[in-house]
Every structure is written in structure tokens, then in C-alpha cells.
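One structure, pasted below without further comment.
The first chain written gets the first letter, and so on, giving A, B, C and D; residue counts start at 1 in each chain.
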Amino acid sequence: MEDRISVLLTPKKLNQQKCYDFVQDASCGGIVTFTGTVRNHTSGKEVKQLEFSAYTSMAVKELIKIAERALKRFDILKIALHHAEGLLQVGDIPVIIAVSSSHRKAAFEACEYAINTLKETVPIWKKEFFEDGEVWVNAHP
Amino acid sequence: MEDRISVLLTPKKLNQQKCYDFVQDASCGGIVTFTGTVRNHTSGKEVKQLEFSAYTSMAVKELIKIAERALKRFDILKIALHHAEGLLQVGDIPVIIAVSSSHRKAAFEACEYAINTLKETVPIWKKEFFEDGEVWVNAHP
Amino acid sequence: MTINTLFFGVVMDITGLRKAALTLEKEMTIREFQEYLLEKYPGLIDINNFAFAVNESYVKDDFKIQDKDVVAIIPPVSGG
Amino acid sequence: MTINTLFFGVVMDITGLRKAALTLEKEMTIREFQEYLLEKYPGLIDINNFAFAVNESYVKDDFKIQDKDVVAIIPPVSGG
């Protein structure tokens, strides 16, 4: 199963072509990709930059779990989950999920499952920086 | 609405970065992409190459209709639908659909809607070439 | 009246033509035109099913074809 | 027993620490450890809610912490 999974948590810039090339295969008919991008606003406030920090060793394990579950649950071929750490600017890419499959429906479902689950379970934390301060997202009621 | 739509039907190689760059926007939070790829087999038979031919003028109109409907129906920002014409080899890309949105659920739904509708309505025909002959896909009962 | 007819994909292979200027002796609906086509090109009976577009838009069976219309026979599409 | 405790995100800001070696006087479940933490770091009461991981896996409230375990306090995650 391992040769069908690519997981990465890196302070470097994420590379879409790398994710695509990993999942692409002569036997697959389609590739669905979700690419997160840093937005310039949150609830009407202008975002200057973001910082992602992670419990790195556990985050990598959780990313692998998501990939393994996606491979079991959906009829897909390969899956890549790449996430960035550190400072990101507006327009930068915090996350890429790419899924290849013979059946596009399965690829859409697996990709959406993976990003939804990543946002629920992977120990990564986002701090948003505004003109007048900074805040850990989701931290307070 | 037109500046939110990119439609292309071309004999040239499709460009994923171009689609991404068109839909990317500082106000969007995510981009969902579907990329079709030419498979090396169909129902167990090895595919040598494909040829796409189109009723070009009408196909472009139908692609625009899909884009317009997707923009009306889903809470998305921009959409690109690019399709290739002519001869393609295994691994080549016949179609790219990219959708940006603040809400990833809407982007997934719009992207899947667009590729499903494209496959039903856009007058483009695929001929598969095998070792021992060629066939127009879907043509016969 | 004369209509310009366009053939694509498998239909082009069966008729051996990309297009044809057809002279119809009376006004026809798409349904009637389809019967006319099947008589003229019997090989079309083997096709899964086909749709029609007039002047680059899909039309229904009861659409009335006008003089100078461009009528395209659309065999099952397979883009994507 | 001694456990290694890891703090992240807003919890790190509240405790002012990245990690701490904590000595517990008795065996504790996660539920008990959470009460202990709230006494030690009262600011944690302001957090939405948090989960716990022991040795890099999520655990439930009734999980019994062992000597030398690495216990991470996981405030609401916000990756992606």
C-alpha cells in the first residue's frame, strides 16, 4: 500500500506538479486535486500572513492514516497529501491533496474525504496575523 | 460573468498551471481540479492512442453554458474548462476543469457537475485506437 | 427548402461525408427529418441513438426545421 | 511517575512552554490528568476544547497514562 501513498509535511513551498506526477498512472482515467490557498480575509478582516505549526511526527502519522483509509474505503489508485509548515503569504498553498482513479466519482469522494478529515484530525495549527494582532484559529469558543 | 469563465478547445497540449492561475484568487480558499488522463486500456483491451474530434463552434458554446450554470448553481468564484482536440497518447490530458471557491464543498460539487455535464452534452467524440482496429466510443449499443 | 447538414464521429464514417446540402420537399420536424435520414443512410440504424442541433443548439423532436438551417446530427458524445 | 507533556498552538502560548516533564503522584486517566492540568494552568479554561494524544495517537478520556508516556495536549486543530 505504501507505494500508493505520498505524505509530506514541509517548511518548503508545496509543488503541485510533484503531487500530480506521483498519483498519475497509465491505468488511471482521472485525477482530482484539492489545493488550499491562503485567503486575504477572514470574517471580513484582512489577513496579512499565516503561520502553520505542527506536532510533526504525529501529524505525519495521521496523514498516513487518512491516506490508508481513503485507499481502503474508495476505489482509487494513489493519493498524495502534502502540507506546509511555517509562514505563508496570501495566495500561498498550505495543502495539496491529489487522488487518481479509474472512476472519477471515487476520486472526488476520496479527495473530499481526505481534506475534510485532515481538517478534523491532523495536529496542525494555523495562526492568522492581522494588522492589529494575531489569533490561533478555532482555539476559542 | 465572463471574466469568471475560461473555456478552451484546442489542438495544443493542455496546461494545468494556466487553468490554476486563471481560477486562483486572493479571496478564494480552495481550488478543486479534475484532470482527465488517457488510460492504457478499455475493457481489458490495450489502447494505443485516442483521437478527439469536435463540432468546435457548438462545443465551445456548450462549454460556456456549463460554466455559466455552474456559476449560478454553486457558490464558486471562477471556473476553467479546457478540452483537447486531435491525437492524444496514453498519459496525455484530454480535459481539465478547475474551480475556485471560498467553500470547498461548493468547489467539489461544481467541478463534479461540470465534468459530468461535459461528458453528457458537449459535442466532442473520442475514437480509441487498438492494435487491431479503432472504435468511436459510445457509438454502438 | 435547403438545409446544411453536418455529420460527426461515427455518423461521418457511415455517410462518408462531413457535410451535405440537402433539399427537403416539405417542411419537416426533427422527428420527420430523422426518418428521412434513415432512409437516405440506412447504416445509421446501427447507431446507439443520436441527437440533433440546429444552428449550434440542441433541439427536440418536434422542432420545425427552417430553410437555410444548419442541422447537425450528434451521435453519442464521448468527450472528457 | 514522570510523563513528558507537549504543548502546541494556543496551549503553548498559555503555558509559556513547549514541553514539560511532569511528576504525577498517582496513576491517572486522561480525564483526571485534564483536571490536574486545569489546576496547574488555569488559563486553559478559555480554550474551546482539547484532545489528548499519548505516544502520538489520540486517546479517549478513560485511557490510563503510564510512566514515561509522552502526552500531547491537542487544542482544536486548524490545518488545511
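Rule of thumb we're sticking to: contacts are C-beta pairs under 8 Å (C-beta built on N, C-alpha and C of every residue); 3 or more make two chains touch, one makes a residue touch a chain.
All figures in this text were calculated on a predicted structure; none of them were measured in a lab.
Chemist: Taking contact as defined at the start, I'd like the list of chains shared as neighbours by subunit A and subunit C.
Modeler: Touching subunit A and subunit C alike, sorted by label: B.
Chemist: Counting in whole Å, what is the centre-to-centre distance of subunit A and subunit D, each centre being its mean C-alpha position?
Modeler: Centre separation, subunit A to subunit D: 26 Å.
Chemist: Counting only Cα atoms for the centres, state how far subunit B is from subunit D in Å.
Modeler: The separation of the two C-alpha centroids amounts to 49 Å.
Chemist: By residue number and range, which residues of subunit A touch two or more other chains?
Modeler: In subunit A, 36, 115 touch at least two other chains.
Chemist: Which of the chains are touching one another, listed as pairs?
Modeler: Per the contact definition above, the touching pairs are A-B, A-D, B-C.
Chemist: What part of subunit D is in contact with subunit A in the complex they form?
Modeler: Going by the criterion above, the answer is residues 6, 8-10, 13, 46-48, 53, 56-58, 72, 74-80.
Chemist: Of all residues in subunit A, which touch subunit D in the complex?
Modeler: So the residues of subunit A touching subunit D come out as 36, 52-55, 57-59, 61, 83, 94-95, 115, 118-127, 136-141.
Chemist: In their shared complex, at which residues does subunit A touch subunit B?
Modeler: Listed in rising order, the residues are 16-17, 20, 24, 26-37, 39-41, 90-91, 100, 102, 104-105, 107-108, 111-112, 115.
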